[in-house]
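One structure below.
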Amino acid sequence: MSTPVKGWTRDEMAARAAAELKDGFYVNLGIGMPTLVANHIAPGVDITLQSENGMLGMGPFPFAGDEDPDLINAGKQTITELRRTSYFSSADSFAMIRGGHMDLSILGAMEVAANGDLANWMVPGKMIKGMGGAMDLVAGCKRIVVLMEHNDKTGGHKFRDACTLPLTGSNVVDVLITDLAVFDRADRKGAPFRLIAMADGVTIDDLRARTGAAFVE
Amino acid sequence: MSTPVKGWTRDEMAARAAAELKDGFYVNLGIGMPTLVANHIAPGVDITLQSENGMLGMGPFPFAGDEDPDLINAGKQTITELRRTSYFSSADSFAMIRGGHMDLSILGAMEVAANGDLANWMVPGKMIKGMGGAMDLVAGCKRIVVLMEHNDKTGGHKFRDACTLPLTGSNVVDVLITDLAVFDRADRKGAPFRLIAMADGVTIDDLRARTGAAFVE
Amino acid sequence: MGKIFDSAVAALDGLLFDGMTIVAGGFGLCGIPEKLIAAIHDSGVKDLTLVSNNAGVDGFGLGVLLESRQVKKVLASYVGENKEFERQYLAGELDLEFAPQGTLAERIRAGGAGIAGFYTRTGVGTKIAEGKEHKDFDGETYILERGIVADLAIVHAWQSDPYGNLVYRKTARNFNPNAATAGRVTVAEVEHLVDAGSLDPDGIHTPSVYVQRVVLGHDFEKRIEQRTVRQREAV
Amino acid sequence: MGKIFDSAVAALDGLLFDGMTIVAGGFGLCGIPEKLIAAIHDSGVKDLTLVSNNAGVDGFGLGVLLESRQVKKVLASYVGENKEFERQYLAGELDLEFAPQGTLAERIRAGGAGIAGFYTRTGVGTKIAEGKEHKDFDGETYILERGIVADLAIVHAWQSDPYGNLVYRKTARNFNPNAATAGRVTVAEVEHLVDAGSLDPDGIHTPSVYVQRVVLGHDFEKRIEQRTVRQREAV
């Protein structure tokens, strides 16, 4: 097909995603790679992080010895509070999400389709752990950014014309950041994904060969 | 028809209604005569009053000089708080009411029908002020007690086979207390109102003559 | 960030337009955003649809917008305290929609929470149910009520921090936290601005995400509608 | 009144029956009613339907009820931390229904609030929407989700006063206030019993009307699932 290219590291992908964060944004970061985004927020950009288990204004991990079992994030990790923090119930937390008050969510994915469909919660035949808050986040946040490897471990397409896995949401992805490239859509009314950046060393032919979805340049 | 009888005073009616209050009850008292009920709660019976503008544990009127514009009841009267008081939003207040958590509400009425229909919010042709929280209270509270004069000023029937005025709720009244008598129903599944007490000097013939609704003795 | 504005006029700058829908907190005259209402009055914006439990009184609260004829429609649960309201309504100059108080509160909450509609028993069998979808659940009949989203929410709070986290005081809370969630933009007038970190994070009623602009008010009138007192008993 | 009970066993006395539905607060192992779960385990009640965001872990939280095979069905949003759960589910011994976390929270709130059903966009176009009523509002498609009422709600709170007014602490609040509204009976275990009048009336999370019984727990385990820390930087 083509010489394998190295592409962006996970941290470089997170830095790309951080560029989506604008001053004053309220943001929910999914579990896994999206949490790395917090390390790349530009100076002067003030972001408030939501944790969907009931917290706005999530702080960093505690110092050893300061862990509080009553203070965790949605990944069940111990965290800290900030001077801006508020706590609320799960129903209030998802009212905030479902009601369109969160500016942005950054999530991982198994598959993304050309029409913005997202699959990230179950693989048929494997034990299903549940969708947690992912379906609510993709249905409710104003803008959804997905961070995922461009291909699976066998080189298979994860950015595809249609998802093969059960969906988390339909027509919900606005920005797709992979280790090879960045794509975005102007709207959710049929606009196609447009390539806006490629990792050093990736050619458009490489990218097309490793992509199962139509996109525009 | 019959010699007019004096019947119960408003305070006596309120005392009758107070007998419906059991220890530990959470109660909402409507505007007007129902507020008198608070004066007749038996010793040893601990009642928590709700005010639907967002308060549980309503205290008495303040002493002169202690009025607080931020502390009013649903009748917009200045009140006080108690050691048990909590405040909450209007949506939370009516979640409490609609969700069936209030044991009892005592309301005034213009008309009550034999099937438990209640009319207490509008008279066609007159300026409509609105139903406020009355429709929510009758739909949501476990038990509805109505306090009203048995007849209107011209002697017309207010307890009737069917209401003539627009309804506040259908099949919602459990107990009807008038200046002449007390009626209750075993359930809301078709049980008729049953006469359980009459004011001194009222005869059953008086009562039947002054009542437009079927009831059982 | 910069959510704190110098005046009610500044806090509303660019947000007002003719024909807009405004949801306002307050119950009677308790907890109403009186400074923001005054600024809306002064702006001259017109053809407003107001969503509020009550419509103020003659000369105060939302009543001032009725007097200046800036209001096209009111959605409320009770409007009994307002003569000018009555005059305009009876003259056919004002559109009026009633919602039961709990249904109104839940519709506002639903709008803020992304709930397009919900089923309630409140109003079944009454005029309020006419024309609404009916549906049976577990043998009981419910009606469908719709969520409400407004172009602007105006609320009154006791305290705000610099982030726009709000705390309300006693029964002045009422519709304010619900209204705050239901505006495409939400502006809060507050009695006290407090330092970052001085509010109890467990005690914040409206998290900052809901509040885009805050103005510190001065000399609030906070009028009492029914001044009721009891007598001190003789010692 | 007398809402305060001496032990979790006493607080649950007379409330448990085979085949019942129990809604439990907690997120992961944070804010779970661990003492009440242990007492339910010891009671031997079986064929339970559990409504809870998660199902505990092996040996702690709701996991103990799975191990003792007291559970017939679980309604949750995420059950990833529990091997025994996986074994029973794959063996067909356990019924499992998933709800998106926000839909689950709203279904519990709705049950407590007398809302039979509500329309949400969450899950439209996914397996979750299969078999559910779809309805368009303003050009967007929503699905109907149902309110949940349980025979019993069990919650964990930080403080209670003698009336059963509850205050939760930090993210241990989570599903607890919602669950507290959705039980036909609600029992709270608390870390601190405080005197009447010592809670701020503006800061109570669960008003007393929702709470029928309270038990003061001792020696809570409050296990941490993911102990994550950062390094102190060298000075």
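The chains carry the letters A, B, C and D, assigned in the order they are written, with residues numbered from 1 in each.
Convention: a contact is a pair of C-beta atoms (placed from the backbone, for glycine too) under 8 Å apart; a residue touches a chain by one contact, two chains touch by 3 or more.
The model shown is predicted, which means the values in this text are computed figures rather than measured ones.
The set of chains touching subunit C and also touching subunit D is given as A, B.
The set of chains in contact with subunit B as well as subunit C comprises D. Chain centres here are means of the Cα atoms, and by that rule the chain farthest away from subunit D is B. More contacting C-beta pairs link the chains of A-D than the other of the two pairs A-D and A-C. One simple way to say how far apart two chains are is to compare their mean CA positions; for subunit A and subunit D this gives 28 Å. If you average the CA atoms of subunit B and of subunit D, the two centres end up 36 Å from each other. Between subunit A and subunit B, the centres computed from C-alpha atoms are 55 Å apart. Annotation for subunit C: residues touching 2 or more other chains are 106, 109, 113-115, 120-121, 168-170, 173, 201-202, 205.
Taken residue by residue, subunit A touches two or more other chains at 81, 87-88, 94-95, 97-98, 139-140, whereas all remaining positions touch fewer. The touch graph of these protein chains has some other shape, matching none of line, ring, star or complete. This structure has the following touching chain pairs: A-C, A-D, B-C, B-D, C-D.
If you check the complex, the residues on subunit C that touch subunit B are 27-31, 53, 76-80, 86, 89-90, 98, 100-106, 108-109, 120-128, 158, 168-178, 205, 222-232.
Residue ranges on subunit C touching subunit D, taken from their complex, read 106, 110, 113-121, 135, 137-138, 140, 142, 146, 167-170, 173, 200-203, 205. Looking at the complex, you find that subunit A touches subunit D at residues 51-55, 60-64, 66-79, 81, 87-91, 93-95, 97-98, 117, 127-136, 139-140, 166-171.
Within the complex formed with subunit A, the residues of subunit C that make contact are 1, 109, 111-115, 161, 163, 165, 181, 196-197, 199, 201-202, 204, 207-210.
Per the touch definition, subunit B reaches subunit D in the complex via residues 23-24, 26, 46, 48, 50, 56-57, 81, 83-88, 94-102, 139-140.
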